[in-house]
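Next up is a structure, given as structure tokens.
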Amino acid sequence: MVSVAITEDRIDDWIFDVPRNPDAGAELLFTGLVRDSEKGEHIRALVYEHYAGMAEKELERIGREVIGRFGIHGLHCIHRVGSIPVGEAAIVVLVRSKHRDAAFKAMSRFMDELKKTVPVWKIGFESTGG
Amino acid sequence: MVSVAITEDRIDDWIFDVPRNPDAGAELLFTGLVRDSEKGEHIRALVYEHYAGMAEKELERIGREVIGRFGIHGLHCIHRVGSIPVGEAAIVVLVRSKHRDAAFKAMSRFMDELKKTVPVWKIGFESTGG
Amino acid sequence: MSRRKTITVTVKCFSSARELLARDEFQMDIPEGSTIEVVEQEVRKLSSQLTNMPFMLALNMEYPAEGTLVKEGDELAIIPPVSGG
Amino acid sequence: MSRRKTITVTVKCFSSARELLARDEFQMDIPEGSTIEVVEQEVRKLSSQLTNMPFMLALNMEYPAEGTLVKEGDELAIIPPVSGG
């Protein structure tokens, strides 16, 4: 099972409201956060844009691909866009599986592929001071 | 920074109350759950025992080792023992780091090492029916 | 000798491509029966800075297979290197 | 000809080792100056089922380095293959 979403709202401490399989032995939650510097400059926030429609489709495609490849139970992802302050989450991904190895591999591949093909861009940042 | 704990209480949805570095870009949370079968038999709960004192020391040693090896910001772990019902968490581990690759590697190694040396044992299960 | 028929497609621009072309999207006329590779060449001719810029061209919100034919009304998008997550 | 001095250590038993030996822990006398390897041999002699059982011996809540000397009052523990996490 795959679910994906893109939002301009805050997604910190996001809870995916999806039931677990009774034979789920591993759950892995990844949170990608906005760091306090970008290209050596101290920043206050990062601004993300996305290609609405395609970004969701592409996230879902990659999600399905890793489910098939690693036999995990499910992958759920929410990506925030717009202006994201430092320290807040840009992405939260949940993977559930029977065993932990598959969860680790699926999460790692999902993030690697996302960073190659999903049409989301950091288009600027708000710097501190000045 | 490492913190470890062992408890007989429920640890599902555990929140580690530790502050993040401002340059933390990745957070990985692993939850190990009790599955509904053990050695082909349907079960209701798994019973864990541990070597009090040494289990904590060993978790901390491995935590320090992966922090040094992968340069992550912190690792925090809580392990439940006693009787754990199916679907509930036996372990929750949080890793924080600047980049996601280090977080994935650190989590993976921590769990691999834990399963080799930390004195915690599944000593029995409560089967369903009968 | 009949003139070759043309079709019209929409091209969306994102990130650095939008900055370069100074627009969110535009219409483009291309010969009927053009493959995605032919369209990419046409797009690269729009600006000297686009010529060697790394980008992928999406077709109807997917990355098309090699040789895919572009049709009237299709939505294309210039996808500069992505940086999500 | 003086009798060789002995020291007393505590040995804790966990999981399958506790079942086998039917106790949580016991005291054991060993010759002074014994290494952890010598103590392990003594422990394996306690039960025929222990002889070839896979286990590690912890010393004062750590896995000792090869050749570590065991001292009076030390806490040892029989650690069968672990299964936490």
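Some notes on this structure:
We just call them A, B, C and D in the order they show up, numbering each chain from 1.
What we mean here is this: contacts are C-beta pairs under 8 Å (C-beta built on N, C-alpha and C of every residue); 3 or more make two chains touch, one makes a residue touch a chain.
Computed from a prediction, not measured in an experiment: that's the story for all the values here.
Hopping across touching chains, the smallest step count from chain A to chain D is 2. Least step count on the touch graph, chain B to chain C: 2. In whole angstrom, the spacing between the mean C-alpha positions of chain B and chain D is 28. Distance between chain centres (mean CA atoms), chain A to chain B: 23 Å. Chain centres here are Cα means. That of chain C falls 73 Å from that of chain D. Shown for chain B are the residues that touch two or more other chains, namely 32, 111.
Along chain D, no residue makes contact with two or more other chains. In summary, the structure contains touching chain pairs A-B, A-C, B-D. By the touch criterion given at the top, residues 20, 22-37, 86-87, 98, 100, 103-104, 107-108, 111 of chain A touch chain B in their complex. Of all residues in chain D, only 12, 14-15, 56, 58, 61-63, 77, 79-80, 82-85 touch chain B in the complex they form. Chain A makes touch with chain C in their complex at residues 32, 48-51, 53-55, 57, 79, 90-91, 111, 114-123.
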